[in-house]
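The same subunit A turns up in both complexes below, where it pairs with subunit B and then with subunit C.
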Partner chain A sequence: MLDRIARDRVATLFIVTVLVLLAVGAAAPGFLSVRTAGIIWSNGLVLMLVALGIFPVILTRNIDVSGGSVLGLSAVTLGLTLNQGLPLPLASAAALGTGLLAGALSGLLVAVLRVPSIVATLGTLGLFRGVMLIATGGEWIEDLPEDLKALGAKSFAGLSVMGMVTAGAILAVWLFLRSRRGGWVFVTGDNRAAAHHLGLPVKRIEFLVFVWGGAMYALAGIAFAAQIGFVPNQAGSGIELRAIAALVLGGISLLGGVGTVAGVVIGVIFFTSIDTSLVFLRIPAYWNDLIGGAMLLAVLLIDGRLRIALEARDRAARYRRSGHRISSTRDLEDAA
Partner chain B sequence: MDKLLAELRSVSKSYAAVRVLKGVHFSVRAGEIHALLGGNGAGKSTLMKILAGLVAPSGGEVRLGGEPLVPATPAQAQAMGLYLVPQEAHIFPNQTVLQNIAVGMPKPAGAYRARVQALIAQLGVSLSPDAKAATLEIADRQIVEILRGLLREAKVLILDEPTSALTPHEVRTLFGHMRALRAQGHGLVFISHKLHELRAVADRITVLRDGHVVFAEAMETSPDAEILAAMSPGVTALDARERMREIEGAPVLALERLSGEGFVEISLSLRPGEILGLTGVVGAGRTELAETLVGLRTPSGGRVTLGGRDFRARGPADAMRAGLVHLSEDRQQYGLFLEAPLYWNVSALVHGTLPFFLRPGRERRRFEQYRAQLGIRCEEADQPVGRLSGGNQQKVLLAKCLAAAPKVLILDEPTRGVDVGARNDIYRIVEDLAEQGTAVLLISSDFDEVRRLADRIAVMAGGHLAGELPAGASTDEIAELAFEAGEAAHA
Partner chain C sequence: MNRHLMRWEVLLLLILMAELAIFGMMNPRFLRPSSLLFGTSDFVQVGIVAVPLTLVIIAGGIDVSFASTVGLAAIAFGIANFFGLPLPLSLAVGLATGAAAGLLNATIIRLTRLQPLVVTLGSLYMFSGAATVLSGVVGASGYEGIGGFPEAFTALGYAQVLGLPMPLVVFLVFAAVLLVLLHLTRFGRLVFQIGQNAEAARHSGMPVFRVQLVTYVLTGLAAALAGLMLSAYFGSARVDLGSATLLPAITAAVLGGASIYGGQGSVLGTIIATFIIGYLQQGLQMSGVPSQISSALSGALLVLVVALRYGAELLRDFIPVRLRRAD
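For the complex of A and B:
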């Protein structure tokens, strides 16, 4: 049992999340309710979408730190087009297109021009934030129309439109990763040279995961604007790092090739649960980062130590087995 | 049965200003095993990569099954019925065996389960499709590669030194598979350094030297001497050590029933000025033993004495202070700072003893001294070591170890990936060292190398010390100890 938990990060994190929620529930009566679950889900939407965007990129052993900037740029595109009188569907399409283009640029740099992804996306991070600030002149975009805000409000079965879109995105990634081409994403990160050798279109795979990332950040930008009703000039800033932390927490290896959609979901929910819990416990919001960071380190540290201990045990067992095999042949020789 | 399955027509390839291949013709027919032989840097690997679409030629034409290979990509080459089994198997460690084999096929892995199981049974290997690839041993990884080729119904299989990590039993099994594939009309290219292996299965032989084809004949009508002369004119086969040396004195390093990860109860002793050859097949536990001695792994029992006193290294730095220096078998990963200048690499082990402010002038002079002594061929002391050839890199590595003035030097595969000329230089350096009183533990899988250098030969098999032989022991005697015990362990 302990073995299973230690090997399965998702299970560990699930148990820790449940324990945290139960503890908060004991301290703050009325916390454990369907309503709270809805709040956690809706508070976590933006982070979830950004994490879903970075997830396939990390699976290919790349990284994308431009997520927050793309989110901001897409949100600004949405806000500016809406305020010029464009209908919501067209404005949303413009925002999505912005995200796709932004992702394509990062993908081009990484896959075709072979710029290391951390360098390339640090560059695009600054670039997109800069474009956004120039487009708005540094001003916030306010007075967004009501139909946009309606996307963030509950409409059906306790879910908002953006909530349903997010659930759809989770399902889409899950289905895709089970397909043949989904497998390519894993193996590209596991051993890029081998994937190339086997004839997989490695460059196209890398390019497309960045484009997918851009699309998800754009959806996150729409969800963000819909939820708060305006676009500040720092929209999305720093969220990519929170998303990466959530992914790592959910067992997605930064070395590529390892990770599950369940891990993404539970990682994001864990982070959001902590933030939401702090509100219920009436702890001021400026404590969030400290507590979130400390929880992240604690889980990773304990998990890491357990893993090292298990590996040492496995290795010892392997050598013992081969040692045993040798000594048993010795015995045979002695008997002969 | 002489349909041409693959053909290279006057193919050439240049990297920057260096011409690696100069107008090479090469072909593979249906139902033949074509041996490809050549020294390091002769261009074999490049030639095969061109055939497999991994490298684009600078000139000439590649044809598969009569059609030109366009575009020159691995996917296209595979679609046209060619598969390259690389020397080191390409494995996705986090995927299962089945997924590893089926990656890149048109359907999801599950669709090929039955076919893969049938192929596994047909080859007569024991391999579970659901095992995680990270747990596979080297021979099994090779089988995964061959299965990949078979699942793709490749007509042409290129096997790049497939036997280098296999035991003789596994080699015989592999040859059986190769003959069976030939009988089914496949064409195979077999790359190996071992002439007797090529002779056992090949029908035709092509020898490359300096990017030219210097020999292309039927295997049957080509005596060994002709083939060797074509491959490296002027170099004769290595001989055993010419003169016996009398070594006296108390052992500087002694192991008493030392056990650890991958080896059990090893007892050895080494006197100053002695070269002890430690040989065996891959996986015999030699490298683990060396790494345990310098503190990279923890021993589980037994004792080590160094200079007559109990010794247990807490790590390589500790071992070095005690006079025990280790040259790793993997120079790229553990030996050299590839981007750092040559002089810096040579001083790397003694950095701890240098003054706070480095004096590059003095270190460059130190390097120049070793450059002359070891015959390192380079442009200048500030060149990054990664630009040098394998042989010269290895000499830089030796210089690094010498700078630490070791009492005991452990050399793990000191001539891996080194051509014949540089190899002889390295042998001379090791002999000089021993002459000056350094004790050398020479770990090598190359029996000829051990016979050439060692004063005594210890053989390990399957983690045990299989026996010790005096200098002058024949290759057969060594092989018997190294393999028979190893085979028994696998049975």
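For the complex of A and C:
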């Protein structure tokens, strides 16, 4: 049982999510419905897209904290071009292009100039937010056309256009990571030097995951603008931290090379269902951060302790087989 | 001699002087001693958290939760004050809250063996959430502040010591203590050694956890100190007091020469970097750039300087060794 819980984070988190939802359903009648599922999915869209963008970056043992700023910058690009009278497809392309460029800049810093990714993306985080504020002059962008808002509204089988795009992105990441080149991403994160010696284009891989991240943040920006219908100054700020938290919950290791798409999805859904449940339980919104943060720390603590205990047990078993004796589990814990 | 001249801190000092000269040329009012001195009250809180953060980074960790700890400690102080505790006791409550936050971070990191970034990310949320919930206790819901401080406290924010503004003095004294602690004591050498290689340090019997614990607690304490100073300066304790320090403080530590991989860094560098970032924001604001944009531009500065630094190292790899020696 313990093995299962520690080794299969996705299944554990899935069970926990279901239990939480059932508990909330028991407390707030009418919560458990297809409608709620739809609400959770659409509430989680933006976070899901950002998480999908950071996911491959983390797989290569880098990190990208500029997601929220790129989201804001793309949303502003979209809003400004739309209000200039450009048609929606062109404006969306401009927003996507902004995201790609932003990702390319971070990728350049990390892959070519070898700046540590946390430092590089902390810098671009501020830089892009600054560019965004200069572009808007600090004003909110309002009066966005109706056809943009239609992207966020339900259109087919209870899914919005952006909902379908997100589902497509999830599928795309899943398919890519199963492919030969997808494997390269894991190898780079697991052991960069070894990947380099194997002849993998390590720098290009690192560069491209950042570009992919930029594209996903741009999509998140479009989804954001479509859902709320305007672009505030602080659009997306802080969402990158939520996305990283969701990824960690979903079992993606910040040490690179470990993680599944299913983990990304369940991590994001878990986070979003907590927020949505609080609304149903009529708990004031200002409890969100406390509960979310406490849950994240609790999961990390339990998971970390379980993992250490398992490692200690495995090692004890190995020693027993080879005839050594262990003085106490305490030593093992320290060694772990 | 040459070795001392080629130090990173010297370059930082040159950048600072160039920056002051440029802003001085654009706007002579900028260089007036009074505006240079009293302008520091707007940014020294960044330095106060950046200096112990430098120690955390050198010891191989990272802490992002201090941004929330600032608000949490301020709110704790505000509540203690609200319930009529005497001022010294209220101050102690605020500082203790900060220390407890650092203690919690270090303990969870130790217990889970997870990367500090993950753990402190979680506590970043939890602390700001706790602060928001706590401020609701005394009826100051949401992002409203807790005010009504005694006169003696708010006066501290504007007090002067030897003609210097109080916040600057607090920063310089605090930074001096940590400078001595890091560069001149056994503890400081342990910090560097643990950051170089925590495993090797552990195997040679160094108290790895205890040293890391102290660095996190110091950061928590510093965050509380910053929170109290900001409360005195603004006259109210708010949840989001520290949110604007997150990016500049990490920028200051990294710009000051701390390696995010641990084992490298200097308090002096962080102090100079704090002034570079602070005066950059002020200079831009005096030139009519809105404050939001100027604070974001410190990100641009970080990108530029770090890219230059790493780019230069990359270049050095291409220059043959013999040429470098002759240099």
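Rule of thumb we're sticking to: the second predicted complex is superposed on the first by the 321 of 336 C-alpha atoms of A that agree within 3 Å, B and C clash if a C-alpha of one lies under 4 Å from a C-alpha of the other, contacts with A are read in each partner's own complex, and residues count from 1 in each chain.
Rule of thumb we're sticking to: a residue touches a chain if its C-beta (ideal position, glycine included) is under 8 Å from a C-beta of that chain, and two chains touch if they have at least 3 such contacts.
Since the model is a prediction, treat every value here as computed from it, not as a measurement.
Novice: Figure out whether A:Leu125 sits in contact with subunit B (first) or subunit C (second), or with both, or with neither.
Specialist: Only subunit C is touched by A:Leu125; subunit B is not.
Novice: Is A:Gly138 touching the first partner subunit B, the second partner subunit C, both, or neither of them?
Specialist: Second partner only, subunit C.
Novice: Does subunit B (first) or subunit C (second) touch A:Ser179, or do both, or does neither?
Specialist: first
Novice: Is it subunit B or subunit C that touches the larger share of residues in subunit A?
Specialist: Between subunit B and subunit C, C touches the greater number of residues in subunit A.
Novice: Considering only touches as defined above, state whether A:Val115 meets subunit B (first), subunit C (second), both or neither.
Specialist: second
Novice: Which of the two partners, first being subunit B and second being subunit C, lies in contact with A:Val248: first, second, both, or neither?
Specialist: Touch status of A:Val248: second partner only.
Novice: Can A:Gly257 be said to touch subunit B (first), subunit C (second), both, or neither?
Specialist: The first partner, subunit B, only.
Novice: Let me check the overlay on chain A: which residues of subunit A are in contact with subunit B and also with subunit C?
Specialist: The answer is that subunit A has no such residue.
Novice: Where on subunit A does subunit B make contact in their complex?
Specialist: 179-180, 183-184, 186-187, 190-191, 193-201, 257-258, 315-316, 319, 322-323, 325-327, 329-330, 332-333
Novice: Mind pulling up the subunit B residues that touch subunit A in the complex?
Specialist: Residues 54, 73-79, 84, 86, 90-95, 99, 103-104, 106-109, 148, 261-262, 264, 462-464, 485, 488-489, 491.
Novice: In their shared complex, at which residues does subunit C touch subunit A?
Specialist: 62, 64, 108, 111-115, 117-119, 121-130, 132-133, 136, 141-142, 247, 250-251, 254, 260-261, 290, 292-293, 295-300, 302-303, 306-307, 310-311, 313-314
Novice: In the complex of these two chains, what residues of subunit A are touching subunit C?
Specialist: 63, 109, 113-116, 118-120, 122-127, 129-130, 133-134, 138, 233, 241, 244-245, 248, 254-255, 284, 286-294, 296-297, 300-301, 303-305, 308, 336
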